[in-house]
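Notes for the one structure printed next.
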Amino acid sequence: MPDGINGGPDDGPALSVEGVSKNFGGVRAVAGVSTAVRKGEIFAIIGPNGAGKTTLLNMVSGFYKPDEGAILFRDRDIGRLKPNEIAELGIARTFQNIALFRGLTVLDNLMLGRHVRLKSGVFSSLLYWGPAQKEEIRHRRRCEEIIDFLKLSDLRKTPAGALAYGLQKRVELGRALASDPTLLLLDEPMAGMNQEEKEDMVRYVLDVSIEWGTTIVLIEHDMGVVMDISDRVAVLDMGEKISEGTPDEVRADPKVIQAYLGTAH
Amino acid sequence: MADFHWGFFLELVVSGVLIGLMYSLIALGFVLIYKSTDAINFAQGEFVMIAGIIVGACMASYGLPLWLAIALSVGFMVVFNVGLERTVLRPMIGRPIVAIIMATIGLAALLRGAGPFFFGSGTRALNLPIDDAPIIIGDHFIYLNPIHLLGAVAAVLFLLGFGWFFLKSRKGVAMRAVADSHQVSMAMGINVQRYFALAWVMAGVVAALGGVIWGSLLGVDTQLAVIGLKVFPVVILGGLDSIVGVIVGGIIVGVVENLAAGYLDPMVGGGTKDFTPYVLMILMLMFKPYGLFGKPIIERI
Amino acid sequence: MFHRESGYYKTTYKGDMALYPLPVGRWSVALIGVLFLVIVPLFLDPYYLSILCLIAIAIVGALGLNILLGYTGQISIGHAAFMSVGAYTAANLITKLDWPFWLAVPSGGIMAAAIGVLVGIPSLRIKGLYLAIATLAAQFIIEWVINHTPAISGGVQASIEVPRPVVFGETLDREIELYYFLMAFAVIAIVATMNLVRSRVGRAFIAIRDQDIAAEIIGINVFRYKLYAFAISSFYAGVAGVLYTYYLSIANYEQFLIVVSIDYLAMVIIGGLGSVLGSVFGAIFVTLLPVVIRIFMDTFGAFFFDPVILAQVTAQFRLILFGALIMFFLVVEPEGLNRLWLNIRNYFRIWPFSY
Amino acid sequence: MADARTVPALLLGNVETRPQKPAIREKLYGIWETWDWQGYADNVRACALGLRARGFGKGDKLAVIGDNRPHLYWAQLAAMCLGGSAVPVYQDSIARELAFVLNHAEAKVVVAEDQEQADKILSIREDMPALELLVYSDPRGMLDYDEDILVAFSDLQDEGRAAEGDFEALCREVAPGDIGLICYTSGTTGQPKGVLLSHENLVRTAEIYCKAEDVREGDDYLAYLPMAWVGDSLYGLCAALMVGSTINCPESPETLRRDLRELSPMGIIAPPRMWETMLSDILVRANDSSALKRRVFAYFRNVAEQVETCRVEDRDIPSGLRLRYRLGEFLVYGPVRDQLGFRRTRWALTGGAPLGPDTFRFFRSFGVNLKQVYGSTEVTGVISVQPDGQANPDTVGPVCDGVTVRIADTGEILVKSPGVFNGYYKAEEATQEAFDEEGWFRTGDAGLMDDRGHIVVIDRAKDVGQLSDGSAYAPQFVENKLKFSPYISEAVSFGDKRPFICAMIAIDLNTVGNWAERQALAYTNYMDLSQKPEIYELVRSEIERINRGLPEASRVKRFLLLGKDLDADDAEITRTRKLRRSFIADKYADVIEAFYSGGTSVELRTAVTFEDGREAFIDNRMQIQDAA
Amino acid sequence: MRRLDKLLFGAGLALAAAGAATSAGAAEIVIGLQCDRTGPTQIVGTHLCPGYHDYVSLVNSRGGIEGHTIKTIEVDHEYKVPAGVEAYALHKKEGAVLISLYGTPHTQALTQKLTEDKIPGTSPGFGTAAAANGENFPYIFPIAASYWSQAAAGLEYARTQLGGDLKGKKIAYIYYDNPAGREPLPVLHKLRDELGFELTEFAVPPPGIEMSAQVLDITRRYRADFVLSHLFGRAPSVSMKEFKRAGYPLEKVLGFVWAASEADIAAAGGFDRVEGYSAMQFAGVGSDYPVLDEIRAMYEADGKDVPEVMASTVYYNRGVFVAAIHLKAIENAIKAKGSADITGEDVKNGFEQISGFTLGGLVPPLEITGFDHEGGGWVQVFQVKDAKFVPVTDWFQGYRGAVVELLKEDASRQ
């Protein structure tokens, strides 16, 4: 496992979350969570169902606004930004329930993932020939590299909705990668996959981390996978962070064991 | 504005309230369907029209008594709406709302052709046994229009009836469950499709009654369908899924229309009557899209 | 059986992303081009040309609505109102400032786009039914404003007569000249739409339609793009309105009432949502439907109906069929005529196989 | 100008005569990226100089492993230009095989396509003392490898571009007699042998081939056959260099059929298996289509058959039939060819093994100019090609210009040609055995010349045996007849010194599976399907049909259906899908015993090797049945 | 795919059928008839067009005009302008020498084309009032009282009802809030200034199904002495009921020509409920005209029932009226030309010679000239009395001078 690369010198966090809380009509989904994700690492967030993992991720990607606290990305509070502004800063994510553009081809899904890197406006789009075309070609190339990377080349012109579940998840990863993110948020990337698909996905996640040095935050239920690939793990329970550390540290933490066995409280 | 008469103002308001309640009656059918099936019925006006035409045709062409004509019309609407739900709306469950809107727009066109095709294109009178003479109360110039009064009373009775139905009766409670979540209801063993059909049946009955009341006001032919356009401001102002909202929305629309015609028209020299509720509606959409009594929809990823 | 696609490999992305990457596509387009630009106008009676003119205008309008409804998923029941905005804008500019067509047409479009953006603003917060009703309200409000503003409508009659367009010093007053004039705009609209939907902006539209939340999270400014969609859609509508004005020599708000909006919705749905070709099919279909029914009833109607009531039945029959077709397509073939065409094309594309 | 009889000379010639013409393409990132001859040569140059800087020189061996990629071709050429030899190896070889070949060849440099191949090489690095450099062309996943021998192809080229050196001069130093290519034949017995092919062999044979077959400048050639096969070097690399045609590398093995359709090469070479798969694919698809399409297809297939019969029998085609054939060309043949990717194809070759006459006729009747070619690694691939108009399924055509063939008294085919090799690498004895006393190369094939002077290949000479009653028994002949059945994928026959012929048969999972589906026959896997009584019945009827077309002595009397297809990974067949008879005879000794002892079933313990190298045993009781 | 096989076959059949549906060549005189049998104003089209057809059939059954049959090609345009334009192109292709238009927007849209193609079109009782000026609109023939003439006549009638003088009287003008509804305003304003009465306008926005506020205003705040009601579609019947319910005497309400048909009365609840309501008509109302007897006789001779639509005399009679004027113009044209080979221009001239053609009282004493295409702006007021329409005036014109002045003013503005 590529510990050597990710455990490199720490020059400030890629993402830090400071005392973030979120309430939904009186229910405290996330309560004062603070943590920091280092550059280039694979950071897993685990916890029982309803622990607030996805809510936290949703706040980072801007879908929810935190009620309290700050989310710092590149020394900038992004807690109040709109999702599309956050995406422009270089944060990409995948969804727990696949949210592909089903009618579009795999390639178009990736091109959409690259939306923030393109500049064409309405007029050049209507005209097409000229700058818009040049831009399309330039970025198509990059998307093709990702298609090649994810071994999707024989599917590039297949509508995403027609693909098998595992492949759709892969395409979604591709769509997130297409924006050349510096921070990649993966919400249960392996959920619902069979063993083989999981292994493939693990491979791709690791390759992304290695090849491009992308910082990866992932939520995952498969403990085996989490412990295998993450550099560090944070554990949430009932909206609060109860533990954080390397996989081994977390595994040994009695609070984590309690939360998972449900004996506490 | 120079000469403001309280009496005139009151008359406008009172007649607006009555008319508004009659609008509510039409809008009720719309809300019933939306509340229980999430479907949007742009053909509500055409339902009213077809029901009215049937009553008119039964009475004029076959000389049936009013009650029998109404019964036949209600019967037809029930059968028609059950068939409609089976063939058109059920296959469209789960499709985008836009598709259902368009389907009912298509249905509206079909009904506008089918009404005269089957029942003749002439205009017929639909006279209720009510005197036209105004009821003038006291010496305050307040006058009540008997047919408006009847319509308003019928509307209120209906609205109260449905309010009770949804709150108290078992079927009504089940329907509300269906409206809240189709999946959950199915899991609870509620036959969702039966309740969908029931909603359409109830909408058909309401439309039939609306057809009688509005038909007696306007006469019956395809033109009766234009009443359907009044539905939208009513439901948007009141809230799409609220029966109280329908009453309040209807009253707002009726009163605002009347006040606009009474006070705004002379100032701008144009018919602002139908236009003001729409402006009001737009404002409502901008600032409180789910209406006065509607539930907002929460989005999730 | 005519289709050949092997051996046309692409060595550049430009070639791969061409509108018609295969010669069979290019040849078909060329053939249709020759048919409609040379053969049809030479051999057809002006009556048929007039139908084609109406179709050409309808294509522009339908494409606009399809961009909004079919590609971006935002419903509008006020499309005809945007057409009237374009029509009156151009009519005023033409009669008061003597503007030539090449200024008047885009101006009408731009004014309609501006109003369209205004109407689209609620789309930030509302969707589906609410938006449908908001656009319906826009239809009524625009109608009312035009109707009650003599400065726009040109007086009590709310109609402004405009002279025929002048192109290269030639006044277009023959049907065939107008045909070319209108066809040119239809072609421009088709090509522009195809370009739009295959590039960045169009993809963003589709993303909003398919998954608006995901679209926002991958970095699409959903609100801005919805407004773009409204603007572009209304621009097309406005241009279609100007074209009507030129074709009829008059701007009159009564030709842009809500029934026209519904006709356009029908075109887009019957033709196929989210398909350029579908809009063309839809425009042809809805324009021709009454004509075909009339021809059919003139020919065969007497077998079924008493001649005394035939005309009456024909008219009602058309309405019934119109409504039934909309419902049919929505229930049975939601992808519309375009899907039928694709099925036919695929039938031959994979001939003699089935996959 | 360098001596024109070397590969580098051809390369330089192309740069001179057609620098801007396309030389090689790769379907990469969704499009066919193209290099012209100038760019092609520049890449070879950079690679060569890079290798030279790393100490690669005359007589050194460079192995390439991977799917057909421009980089790997360039690497081979670079080795040749430096006076070294290229050793292409099968990309799907398992580590053990690879270790033998690379070690035997003393490969100094290995160019691997990607991480997968590089991993394989690294896993056997210890066994290869000669290995100095491992070049990888696809850097994907290679970032955290720190082995000292690793270098990226692009880095190597950069080094080459930076290095001093006169590439043209180096090329000129290459002599025609230098060994340019070492092809390891996947011997059907024992270990593979390295066939030494000189530049002269390559160039002259390419010349012969290009004269015999219509290869033109600008033609597209789809390079999808294994690079280790001599044909890829000759029909692809060398022929392209000879006439200036273009090599096209498909995107990946999975996309081959689509890439073929996209490209539609002017000429294609494919093994019989591929033609057979294509045919069954066509028939299945035709069968699955709508009634109208099915009828049209069946009708015009019949028309085509009639026309083809006329052609074969040299009769005039009746004008009515001719007209219908023309219509069929529009309605069926043209579209079918387009579907397969043969729209532009002028000729198509099959070789290496006999092709079923039905398949052969089908393609010919549908307008694919399918012909047979005959050759072997030891003669650089070409002995005979059927010229246009003389194609038939029974012969392999007349001997090419420049090649001489003689049939020995033993019936063995003997060859002399400029392509005859320079011996097996480090196998003096074997080399000796390969030639007779007059210096003719012994092909090892038994055959004869028909009256038109076409070669007819019967079987491997050493395999031809006798039944116990003395009648001749050519196993491959029998097996081929069996394999012509669409339901049979592989067959192994026994009969030498036995009273009658028996056969082990591997069913074709595709066609039989399809058949089972149509019969509503449920099955779980290959094993389950193969042991169904219905399938036995199906195959029996097939065998009986085939038997009727065979002389009494060659008829199959008993058979068994194998529970799995024969597999190169299990060493039952070679990578070019030739049977390894002695291995099979050992492995299936029980079966043979049961065949002749009259048993009706046999317990079969099969050792299977999984893709990851693990081995397992599967026990199954297999039935043996009689065929009339 | 199997489905598609059938579909293709079906498409082939349909094409073959379309090919068969070509029209036969016509030696007849062709008239284009635009109708509105569906759409918002269908109540008109469904009654007027049968009347038109019946009169043409009557003439044809008698051997046509000077021995030439008349062929009418009807197109229903659903009150949509594009469909109307398409219909016009069809009529032009079929060689129509005269177009019967329907719909104000359609008339406006086609005015320029008609003028260019020199084909006269008629717009009886609707369209631009200024088109009555034949010098300005050579090919548009209102042939009946325009909105201006109707307004003037309405005031004239009000004058007689209010004791012979309008000065100081309160007149309410309740109108449909669309261009057609506003069209009479110039005349009303001009005459208000000249005659010194008080005028208040009440707009009813389409579709006008609810106007209690306006009626309340007229009756209880403004307290009008007389009401001119210019409404369309469903609105007239609503207005009748509202006035009745407001206790306003219906005798003091005068409808314009589109505000009182049998259908409107029926919609308002029937003749017995709107006793006293009166309206202007540009063609005779009731069954009591010789030409109607002849049509009935024609049906009876064919052994057919007399069609129901004939009972709806307001629109049916208008259909007969329009057809009669049309055929008269054609007759004039043929007589002038001496052959049936007439053009639109000939028919235009034919119109301009119509004079004294009253058809037993169904048609007003029109006098169409090169200047006056409405033929004088004649109306007759019919009132609901004893459950039927009863004429309460003879054919009359109102303030003709003022209307002509306006026509000339309009022409000078162009």
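First chain written, first letter: the chains are A, B, C, D and E, and each begins at residue 1.
Keep this in mind: contacts are C-beta pairs under 8 Å (C-beta built on N, C-alpha and C of every residue); 3 or more make two chains touch, one makes a residue touch a chain.
Just so it is clear, the structure is predicted and the values come from calculations on it, not from any experiment.
Common neighbours of subunit D and subunit E, listed by label, are C. Averaging Cα coordinates per chain and for the whole protein, the chain whose average falls nearest the overall one is C.
Centroid distances built from C-alpha atoms place D farthest away from subunit E. Simply put, of A-D and B-C, more C-beta pairs touch at B-C. Computed centre separation for the pair subunit C/subunit E is 34 angstrom, with centres defined by C-alpha atoms.
Between subunit A and subunit B the centroid-to-centroid distance comes to 49 Å (mean Cα coordinates, whole Å). Averaged C-alpha coordinates put the centre of subunit B at 34 Å from the centre of subunit E.
Note: centroid distance subunit B to subunit D, computed from Cα atoms, is 77 Å. Touching two or more other chains at once are residues 63, 95, 99, 140-141 of subunit A. For subunit E, the set of residues touching two or more other chains reads 1, 4, 37-38, 42, 46, 177, 205.
Residues of subunit C in contact with at least two other chains: 12-13, 144, 147, 213, 217, 312, 316, 318-319, 354.
On subunit C, the positions that touch subunit E within their shared complex are 45-47, 49-51, 54, 57-58, 144, 147, 156-159, 161, 173, 175, 244, 247-250, 252, 254-255, 259-260, 263, 287, 290-292, 294-296, 298-299, 308, 311-312, 314-316, 318-319, 340, 343-344, 347, 354. Of all the residues in subunit E, the ones that touch subunit C in their complex are 1, 4, 7-8, 17-18, 20-21, 23, 35, 37-39, 42, 46, 49-50, 53, 74-76, 78-83, 85-86, 88-90, 92-93, 104-105, 108-113, 116, 128, 177-179, 182-183, 185-186, 205, 304, 307.
If you check the complex, the residues on subunit B that touch subunit E are 5, 7-8, 11-12, 15-16, 19, 112-113, 116, 121-125, 127, 132-134, 141, 143, 145-148, 214, 216-224, 226-227, 229, 257-262, 265-266, 269-275. Within the complex formed with subunit C, the subunit D residues making contact are 25, 30-34, 261-264, 282, 285-286, 288-290, 293, 296-297, 330-332, 334-344.
Here subunit B touches subunit C in the complex through residues 34, 40, 87-88, 91-92, 95-99, 101-103, 105-114, 116-117, 121, 232-233, 236, 240, 268-272, 274-275, 278-279, 281-282, 285-286, 289, 299, 301, going by the rule given at the top.
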